[in-house]
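Okay, got some structures for you below.
Look for chain A in each of the two complexes below; its partner is chain B in the first and chain C in the second.
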Partner chain A sequence: MEVLSTPGLATVQDFGRFGSLRFGVGTAGAMDHLALAAGNLLLGNEDGAAAIEVPLFPFKARFDADNSFALTGGGCGARLGGRALLPWSVHAARAGEELLLSPAPGVPGSRAYLALPGGVDVPEVLGSRSTQLRGVFGGQCGRALQAGDKLAARGASPGLAGYGLEPPGVALPLLADGTPGVRVIPAAEYERFTEASRAAFWAGEWKITAQSDRYGYRLAGAALAFEAPVEMLSHGIVPGVIQVPPNGQPIIQMRDAQPSGGYPKFGTVIEADLWRLAQAPAGSRIRFVETDWNRALAAAEALRGWLEEVGRLCDLIRCSALGRRP
Partner chain B sequence: MTAAERVRVLSETLEGTSIGLLELTTPEETIRLRRGDTSHPPPLAAIEPSMRAHPPGLVTAPCPGVFRTAHPAQDGPLAQAERHVAAGEAVGLVQVGPLLVHIAAPASGVVGEVLAENGATVGYGTPLLRLQEERA
Partner chain C sequence: MTPAISLLGTTALLFEAPGHCELASQQRIWALARVAERWPEVREAVPGMNNLMLVFAAPPRDLAGFEARLRAAWDGAEPLPLEGRVVELPVTYGGETGPHLQDVLDHTGLCLDELVERHTAPLYPVFALGSHPGYCYLGGMDARLATPRRAVPVLRIPGGAVSIGGAQTGVSASDGPSGWNTIGHTSIRFFDPGRSPPALLAPGDSIRFRVQAVTR
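== the complex of A and B ==
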């Protein structure tokens, strides 16, 4: 398929590039791992196949051959050759048909994922097809997609279409006092914040500011104060870590986070909830819910269970004529 | 997926259910799985011809599940009288666990009477709604 137009920042992403943090290479990878995994399961792809992450709309592309694709994630409306498409679903495009993902403020989520049969065919670099924007490698020439880019699927079209999933935001909701919640484990410097700040962190709503992207989310809310000034040497950090710079407004590291940082760490968003954060649009509000290691593992297990059930049913529907368009 | 893989997936799925006989007919093949009986009973009555024989404009359930008149992540219903749809657009969904099977409009048209309730359990071939086809 060929990209016809994009406002920018659409990238090729798989789960990420692991094992190179010690060389200073961050993981990159899809902001919403759940949407990526679901798109791959819908098509029967390998677990780690690469898809296109689209955070800004309108995004327009044309299929140059008949092909199936899966659309997951959120934040947009979708049309193919003039007909409206359902989200979180497998669709079949005919050669020449144009796919339009357009802004849709009423639709939950903020990033769409476009999965192709077998995954997007870009070269692996250090074991991953993810775009590393900071390092300018991986994905499509190490950069965001632009008009004129041609992307091929690694697999043949399975001729699948006509089924989808209940979005995980509906199947696995997490609200705290009516506001989208994400679970956090207190981190190393937690005790060095004032008691009032610690209480305010859990009690308050936090706004995701416009200065939020794949590198990190800058939040706005009640400023968090230290008991005494904290000076630290740079140390290793990973996506999910919540750092607090001297202004007291937290920054959550996201998938393009650099592998080290020196700000004190208040807490860490659990891996099982990073997808919720990935789909929380700039300007929206979230709340933090305190959790611990065991409950974080249970949350990861719940996600695995949902994906297993999805995989089992997707296998079944591909067995039947239902999911296959002649 | 090969026929052998299909049998494996179906067998795994049937394990732990009380289903004694499963027959799956696709354009390419028919798979019949029967629990603990090695005899060869006659095939089930063909369901497909009766499906095909339904009156024009009647849209029926493509599989058993729970009928959904709207998508959970979209405003506005899919199955709503007087809604205009293009050929291939969804006019409703059948939910099976986390899966939402699309009910695609066979042609461009206008949704007429909706015959099944949102949330109703439907079987294979249950009438769901009428669609008045438009000639392009």
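== the complex of A and C ==
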């Protein structure tokens, strides 16, 4: 397929690059692992296949051959050759047909994922196809997609389309006092914030500011204050870590986060809820819910369970349609 | 004093050694990394400055047992003396490529010549890599140069920027955001994803800064 137009920041991503943190290389990877995994399951791809992450719309692409694709995630409306498409589904495109992802206020989410059979065919660099924007490697030439980029699928079309699944936002909702919630485990410097700041963090609503991207989400809310100034040595961090610079406004590290940092850490949004943040648009509000190790492991287990069920149903559909036994 | 162990969600665990960040302690961190990276729960062991992040391949069910094993491994860790090569970097201090030099002078109360002399004097051992591809955290900075990180991170610092953050100094390996104070500029390629290993320097190597120019 060929990219016809994009306002920018669309990238090729898989689950991310592991094993190179000690060289200073952050993992990158899809902001919403659940939408990526679901897209791959819908197509019968291997677990870690790469897809296109689209955070800004309109995004327009043309299929140069008959092929199927899966569209997951949210934040946009979708049309193929003028026909409206159901989200979280597999569709069949004919050669020459144009796919248009357009802004759609009211559609939940903020990032769409376009999965191709076998995954997007870009070279593996240091064990991953994810785009490393800071390092300028991986994905499509280490950069965001541009008009004129041609992307091939690594596998053949499964020859089956027209099925989909219930979005995880519906299947696995998490609200805190009516506001989208994410669960947080307190981190090393938690006790060094004032008691009032700790209370305000859990009680307040936090706005995701416009200065939020794949590197981090800058939040606006009650300023968080330390009992005493905290100056720290550089240490490893991961996506989800909530850093608090001296101005007191938290920054949640996202998938393009540096592998290390030096600001005090209030807590970490658990891995099992990062997909929720990925789909929370700039300008929207979230709340934090305190959790612990065991409950966070249970949350990860719940996601695995949902994905296993999605995988089982997709296998059933493919096998019954193609006349095979599962 | 005992080490501090804390959680980074369920993704990783942070081990912070007690005491100051100095070479002998850092050599024990390197030794601990070699031990812990072989554990089945650990995907990668990532040294920081006097600390070690363990990224989980699978989060251990028995967290207390895992932490006890880590503490025991630290108690048994002997300093691992890595001695690599020395790389000399010519630096232009101040001017347009050192926009925060004055802030460092103001904070430290040093004059420009004193700052340059103190910054170029030591041999800086590479303690760890982090931040961005190929970036080296260095030990050995003169404590008189210590300057707090900036209140608001700068959104774009160019590759080659020589900077000071807290008690540390370093050189940006590529363009990107930073909370550190940029005092000068140098030119070198720290990272090539096609090379094996991809990073130019590794823990145990050393950097020496040489004065190329001082812009007043």
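Definition applied: the second predicted complex is superposed on the first by the 321 of 326 C-alpha atoms of A that agree within 3 Å, B and C clash if a C-alpha of one lies under 4 Å from a C-alpha of the other, contacts with A are read in each partner's own complex, and residues count from 1 in each chain.
Operating definition for what follows: a residue touches a chain if its C-beta (ideal position, glycine included) is under 8 Å from a C-beta of that chain, and two chains touch if they have at least 3 such contacts.
As the structure is a prediction and not an experimental result, all values here were calculated from the model.
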{"item": "Overlay on chain A: chain C relative to chain B, clash or fit", "value": "fit"}
{"item": "First, second, both or neither for A:Ala200, with chain B first and chain C second", "value": "neither"}
{"item": "Which superposed partner A:Leu313 touches (first chain B, second chain C, both, neither)", "value": "first"}
{"item": "First, second, both or neither for A:Arg134, with chain B first and chain C second", "value": "second"}
{"item": "Per-residue contact with chain A, leading partner among chain C and chain B", "value": "C"}
{"item": "Touching partner for A:Val170 - first (chain B), second (chain C), both, neither", "value": "first"}
{"item": "Which of chain B and chain C A:Leu9 touches, first, second, both or neither", "value": "neither"}
{"item": "Included angle at chain A between vectors to chain C and chain B, based on C-alpha centres and rounded to the nearest 10 degrees", "value": "160"}
{"item": "Touching partner for A:Trp88 - first (chain B), second (chain C), both, neither", "value": "first"}
{"item": "Which superposed partner A:Ala187 touches (first chain B, second chain C, both, neither)", "value": "second"}
{"item": "Which superposed partner A:Tyr215 touches (first chain B, second chain C, both, neither)", "value": "second"}
{"item": "Nearest Cα pair across chain B and chain C, whole Å", "value": "26"}
{"item": "Common interface residues of chain A - those touching chain B in one complex and chain C in the other", "value": "none"}
{"item": "Residues of chain C that touch chain A when the two form their complex", "value": "4, 6-12, 14, 16, 21, 43-53, 55, 59, 61, 63, 128-135, 137, 148-149, 151-153, 165-168, 173-174, 176-177, 179, 191, 193, 197-199"}
{"item": "Chain A-touching residues of chain B, taken from the complex the two chains share", "value": "1, 6, 9-10, 12-13, 24-27, 31, 62-63, 71-75, 86-90, 93, 95-102, 104"}
{"item": "Complex contact set, residues of chain A against chain C", "value": "18-26, 125-126, 132, 134-138, 185-188, 215, 231-241, 245-247, 258-263, 265, 268-272, 293, 296-297, 300"}
{"item": "Chain A residues within the chain B interface of the complex", "value": "44, 74, 82-84, 86-89, 106-109, 162-167, 169-171, 306, 309-310, 312-322, 324, 326"}
